[in-house]
Amino acid sequence: MINFLVIVFIISLIYVSKVEMVKSYFGLLALQGVLLFGLAYYELKAGSVIQLLFILMETLVFKAFFVPLFLRRITKNKIHRHAHGPVKGYYSVLIATLIVVMSFLIGYFLHDELKTNADLQVKYFTAATASIFVGLFIAINNRDLVTHLISYIVIENGIFLLSLALGSDMPMFVNAAILLDIFTSVLVMGVFFNRVKDYFQNLDTTQLSQLKD
Amino acid sequence: MMIILFKTALLLSFGIFIVPKTWKYSLGLVLHIMVVVSTGTWAFESLVNGTQTIALGVATWSGPIELVIDSLSAFFMLIINLICFCGILYAGGYLKPYLPKKRSVFISLHLFSFLWLHGSMLMVTAMRDGIAFLLAWELMSLFSFVLVIFEAQKESTLKTGINYLLQMHLGFALIMISFLIAANETGGLGFKGVAMYFEQHRNAPLFLLFFAGFGIKAGFIPFHSWLPRAHPAAPSHVSGVMSGVMIKMGIYGIFRITSLIQNDLTTIGIVVLTIGIISGMMGVIMAIMQHDLKKLLAYHSIENIGIIGIGLGVGILGRSVGDDYLMLVGFAGALLHNLNHALFKSLLFFTAGNVFYATHTVNMDNLGGLIKKMRYTSAAFLIGALAISGIPPFNGFISEFLIYNGVLHHLPGAGFWMSLVGVAAILALVLIGGLCIYCFTKAFGMSFLGTRRMVDHQEAHEVTPMMLAPAAIIIGMILFIGLRSSFFGETVIQILQQLTGISSPAIMNDVVQSLTMVSNINLLLILLVGAIVGIRVWQQRQVAVRQGPTWGCGYTAGDFRHQYTPTSYAESLRQLVNPLIDYKRHYKSFAEKEIFPPPRTFHTESKDLIEEKTVLSWVHLIVKYLPKAGVAQSGLINHYLIYPLLFLVIIGLLTILNIL
Amino acid sequence: MLSLGLILVACIYFPGVIVKVKAFFSGRKGPGVLQPWYDIARLLKKGSVFSTSSSFIFQIGAPVYFSTVIIAGLFVPFEENAALFSFTGDFVLFAYMLGLGRFLIILSALDVSSGFEGMGANREAFYGMLIEPAFFILLGALAMFTGYTSFHDIFANLHYDNYFSVIIAVLAGYVLGQITLVETSRLPVDDPLTHLELTMVHEVMVLDHSGFDLGIIKTANNIKFVLFSTLSANCLIPQSLSLGIRIGIFLVLQVFFAAGIGWLESFRSRNKMAMNAQYILSVSAIAMILIFVVIIIKNRI
Amino acid sequence: MIYLFFSLTAILAFVTYFARNRNVSHVLVFIYLLTTIGLGFYLAPRVGEQLNEFFFCDAIGMIFYIILVIVSLVSAIHYIEFVKDRNVKPAVQAMHNAGTIFFTGSIVGVLLTSHFGTLWAFTEATTLGATVLIYHNRNSESLEATWKYLFISSIGIALAFAGVLFLGLAGQQVKNVDFTFSTIKHLSDQLNPLWLKACFLLVVTGFSVKMGLIPLFNVDIDAKDVSPSQVGASLSSVLMNAGFVAIYRFYEAFSTTSILPWMNKLLMITGLISLFFAAAYMLKVRNVKRLFAYSSMEHASLVMIAFSCGGLGYFAAILHLIMHSLVKSSLFFQVSQMHRIFNSKIDENIGSYLRINPLGGVVMLLGFLSIIAMPPSGMLISELLMFQTLIAKSYWWIAIIVLLLVLVVIYGLAVRMLGIVFLKKHGGTINLKGASPFESIIQLSLILIVFYIGLFRPEFIVQGINLAIKSLPV
């Protein structure tokens, strides 16, 4: 089951990397949220109720529901297709796949580097690295703010997976902070997103390059 | 008592900013006098009763600051006090025209920096501990920088100032690093540590590092490029003090280090001598090529530093071959030349300042005939010129004579190499002397003699007595050294005997004897000249004396344009040294059928090739290409994300591959 | 004191002999030997004309030049007979004394704001700068050879014990002779009798001097002449002979020098101006050879 | 007590956000700063104590706490003048003041926390606070800068969190889930070095945006440029210190392990590359605030280089940070004044400042001396110590490179700043009312503190720093 989820997650990553229509992002994000919930649930069945609730909050409510909705609201039928960077269409798929392969390699390497380590879930780890790097790739490759937001969230998903993979459970305080962090940053970014839109009419970040030397 | 005087002077210096504009100068003068009195007393005491230590009563990062005044420090302190005092006197007259123009903050800044330059130079000579020394050293550079950019609203001046600041900072860094190297080995940051280092390790590398650091201040070629820029830019009293004493601080440092070195003497000596010879020759050659009087004087500072370098070099070589005479007398010549150069160079700069004050230009192409309008100034300049050319009966000769003597005395017993080295040194000194005559006949003849060359400066007039007073003081000193040279020779040799710990009455006697002779002959010369002039006056009374036009070889319509110009005067040498200077003449020659040629202009310029090659080329390289490396701030957020990615990947790889 | 006397004696006939010899070679009878001194005496009595553009420099230039030469004269010994002044490194002062004179005469030339005299001044400064090294290298070599550093000691100990040292004597004499020609601006560097101002060196500098000034300048030139020829005589006369004979030889030698210069000036033409620099430098080069000779003799190598 | 403080921070920030009266909101800020001072007095006797499970108070935290208080006070004072001059809208002012309170509070958290998780959380909080401050001017530039800052530092923070997770993994392997510095440091030598390396690398990458080093320095520069000058001041002094402390915590915790040399090399590389870019831009920029921003970057990299040498370098680094905070903030404050007078921050339009506003000119001049490490500035001492360590480690090439780059930086600064102070330029209109001697005197006193440190070696600072670095390997 876990394997299934992980694989779907990775596929979703590859898809994210080549999406053309902005609105199809939201579905993907929602999907990833759900997947994350599934994984987290399998991981932390044993864990305390509060923690479970927390994860529920974080994944289902927040990642799978709130964020996509929020994004949809702010981009409400204004933008349809997003501005591409140098790498177009299926090439980006290639790169995404490459990243996935790389992260598999890294995972493998780490795995037999550390036989002793029981806690390292290589599958998650791979997915996490893949997700982080794909996120970075999207951010680098695309030039409009929506995609940047998306990429941020993808990276955050990666981090979440990583926390599963490394199984290091932070104190509640910190978990709250993480949640708050994603929440606020998405919120604040959304706010600025609107302002930018009002200011520059379109969302191409090449507009946002007055400050340079 | 004196310590209180000194400290109050330094504390009250902040008052310069507060008091009203008209009082600022008087306050500055008073403070200078306070400093001169206090430190002068210390210097005299320690010259008489040997080294003394004075606690300043403040602590810095290296513990409590104390002034350690040995005879060497005392000697330099006296020079500093004399020249700085003359400088502030001169400033009184020179700054007058600026008072109404400038806002009071500038005046205060200037006077404040002048006082502190004085103070910091004194401290440099008296600091033994590393951090205190470096502090004083950098303060000296800093305040001299502020003084140089007195006219900072002009872009050129500011650029010069920044150039100066950077070179000084580089020199500072070199000295600092040398101290740190010594401290790293011996644990003592300061001259003690350096001495210990020299006892344990090879000397040449550290010495040369020190030499580079101090040499930038002293202006040895190839570290000289700041002098010909900074001195013309600065006001004359400042250039007088800077060229007179501040560059001597570099020499002081070199003397200090030289007194500590233990081995590698031959290498060090050869290097110092070579650099000295090159500086001397190139300095004077470049000087002859100049049109700007102050720039010419600046290049002459390099030349004189070169002479000092020669003295030092032969001294070190003398020590390496164990010839005390050569060592002591060579060092003595170098040390005494510090004093002499301080005197006549500041005199020359002050008089050049008078010229600028009267005519608002120091470009020799436009000067000429000033001697009729400014008798005293030109007389003073003449004496300075004779002195700097090392001509008796003035002081410049004495120090050069000492160096000659050392080398000549060594020659008979010298080995093969030493005899060649000695001949080289003599040759260099002789050529420098001859070139100096060439140069200063040009400088004096073109600016003061004949008739005006271009601009008509009828308004030029003799300057106020206030501005001539320092010149008078200095001329007094110059003649005193010239006519009582034995006393000074004795003093410097005593200083050196204390410094090197080698004392030999025989050498002392020999030097004193010949110097006494020299002085007597100088006196005789003066008397003889007086007598002949007297006879001449008497004869002129007897016969008919009339004025007439200059002999024009039958051509009666000659006017001032027929005179020799600085350029044409330098021409014959120029042809000889053409490869050394990048010489350009800007002139449009006549066309084929040009019947009615329009008026033409002609001017020449010569670049300092050594500076071009050693300094500027690198600087231009950096300034041109480094900004091109600034590609990171592209303004595109996408790019900003590439850097962390690259960073992570590269460092990660390096880590995994165990390269990092 | 002896040296001073000899120099004065030589001065009396030296310039006259030159004139005589030149006259002889050009087939004339020529004036008496003392004629130059009569001219000078006449000049000293004459009044003078000063350029309107001249200043006090012009007034003191000639006297200073004269006095420096006189003082320099007091340094020159006659072999072991000491001069008035003798101390270590006295010849440095000797050279710089002449330097002072040159400085002032150049300035007074520049003082009258004439193109010609500027030219002369420039050349004087230039050649003076070029010739000084030769003099110092020569004396350096002699110092290395004898082991002393004052005129008197050097010439007192200039023994020609082995045939090598004859080379030194000859070379030194030759170099000193050349220095003499340059310092006193005779042929081939400068022709005092030329009438083309553009090619003069010394004469053109003193164009505007007249009367007393001109007189003392000429006197100074003659004395300078004898000073240098005395120095070269010091190198040449062997000391083994008795004093009387040597004095005799000296006086004759002076005549020979003068005659030689007369002969030279009658048969040799002036260098091209451009040639002069190289010519003078070659003198220094020969002096350099002297150094190496000494190094070899003293087997330092 | 500490929780009380943070709740107070939250409340005050909240209240300030709704206080739409200018004076009230100023007063609120000052009340808050008074409480920070009070907290300071509460902490002073407790240096070296654990306050509770998440917070403690050690020497380095205390040092930078004091600087935080000083700088925040001064910047609040300057903000009053700023509001008057620009007549800022009350809403904006309220927002900004609330942001200030939040920002300051979160930095206090960074300085005082003893737990890696909370350390990370507070650092994140500073990002949000800073965002609000940077956005103050509400124009396209500030919008752009804010967006970039927010986005880039969010990603940076995310990476840093990944780092923390790796630390957690490492901790798990020895069956330990406590994230306090003490425990991690205590058993760091049992932890798997690979994870520690991963952790440190990610943390340095993530926090580099706070300290203004590569790889994430760009947004930091922009932020300092477009934000009001007093904000730029806090960004390049307080926030830089916070970033340093954050990195320092990890460094100290791992310093007993085998990866110490690796960490040193990493920091050295970071410092050198940053120094290189700083020097390169120093010759390029025309804008005074960006110039100062790059100079901050240069000093940050010097700090890193010194720090990575270890030994005396630790001392030098912290001393340098202290003095840099004072000088750089005072220069930024001075810029706000200059901006009022010339209504421009491009150096072509700003000239003969010493003549127009002597006191401000003197501040600029002395500030210039301080940041190029000329005596009597204390930076001379710290740079001297830095070179001493470089030589002691016999890093000759690094020493030479640093020397050259520093010279280039000095050249750049000299050309711009001295040009501003002295040169006559025909810029736009000049509004002499902008000059405010009161402010200049405050700035002057900040610089004079640095001079005092440089000349007289204040004992308490030396002891404080020694206390702070005593736990580090020699």
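Note that the chains take the letters A, B, C and D in the order they are written out, and that residue 1 is the start of every chain.
Following the convention adopted for this analysis, contacts are C-beta pairs under 8 Å (C-beta built on N, C-alpha and C of every residue); 3 or more make two chains touch, one makes a residue touch a chain.
Computed from a predicted model, the values in this text were never measured in an experiment.
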{"item": "Set of chains adjacent to subunit B and to subunit C", "value": "none"}
{"item": "Result of counting contacting C-beta pairs for A-D and B-D, higher pair", "value": "B-D"}
{"item": "Most distant chain from subunit A by Cα centroid", "value": "C"}
{"item": "Rounded Å distance between subunit B and subunit D, as computed from the means of their C-alpha atoms", "value": "44"}
{"item": "Rounded Å distance, subunit A centre to subunit D centre (Cα mean)", "value": "31"}
{"item": "Approximate Å spacing (C-alpha centroids) for the pair subunit A, subunit B", "value": "69"}
{"item": "Interchain centroid distance [CA atoms averaged], subunit A/subunit C, Å", "value": "100"}
{"item": "Subunit A residues counted as touching two or more neighbouring chains", "value": "136, 139, 148, 208-211, 213"}
{"item": "Junction residues of subunit D, two or more chains touched", "value": "147-148, 151, 155, 159, 281, 284"}
{"item": "Residue list for subunit B, restricted to those that touch at least two other chains", "value": "630, 633, 637, 641, 644"}
{"item": "Chain pairs in mutual contact under the definition given at the outset", "value": "A-B, A-D, B-C, B-D"}
{"item": "List of subunit B residues in touch with subunit C within their complex", "value": "368-369, 371-372, 375, 382, 386, 389-392, 397, 401, 404-405, 408-409, 411-416, 419, 422-423, 426-427, 430-431, 433-435, 437-438, 440-442, 444-446, 449-451, 510, 513-514, 517-518, 521, 524-525, 528-529, 532-533, 536, 539-540, 543-553, 558, 560, 562-564, 568-569, 571-573, 576"}
{"item": "Touching residues (chain side subunit D, partner subunit A) in the complex", "value": "54, 115, 117-118, 120-121, 124, 128, 131, 135, 140-141, 143-148, 150-151, 154-155, 157-159, 161-162, 164-169, 171-173, 177, 179, 192, 194, 222, 225-226, 281, 284-285, 290"}
{"item": "Complex contacts: residues of subunit A adjacent to subunit B", "value": "85, 109, 133, 136, 139-143, 148, 205-206, 208-213"}
{"item": "In the complex, subunit B residues that touch subunit D", "value": "58-61, 103, 105-106, 131, 134-135, 138-139, 142, 149, 152-153, 155, 158, 161-162, 165-166, 169-170, 173, 176-177, 180-181, 183-184, 622-623, 626-630, 632-633, 637, 640-641, 643-644, 646-648, 651-652, 655, 660"}
{"item": "Complex contact set, residues of subunit C against subunit B", "value": "44-57, 59-60, 62-64, 66-68, 70-71, 85, 87-90, 92-93, 95-97, 99-100, 102-103, 106-107, 110-116, 118-119, 121-123, 125-126, 128-130, 132-133, 136-137, 140, 143-144, 146-149, 197, 207-208, 211-213, 216, 277, 288, 291, 295, 300-301"}
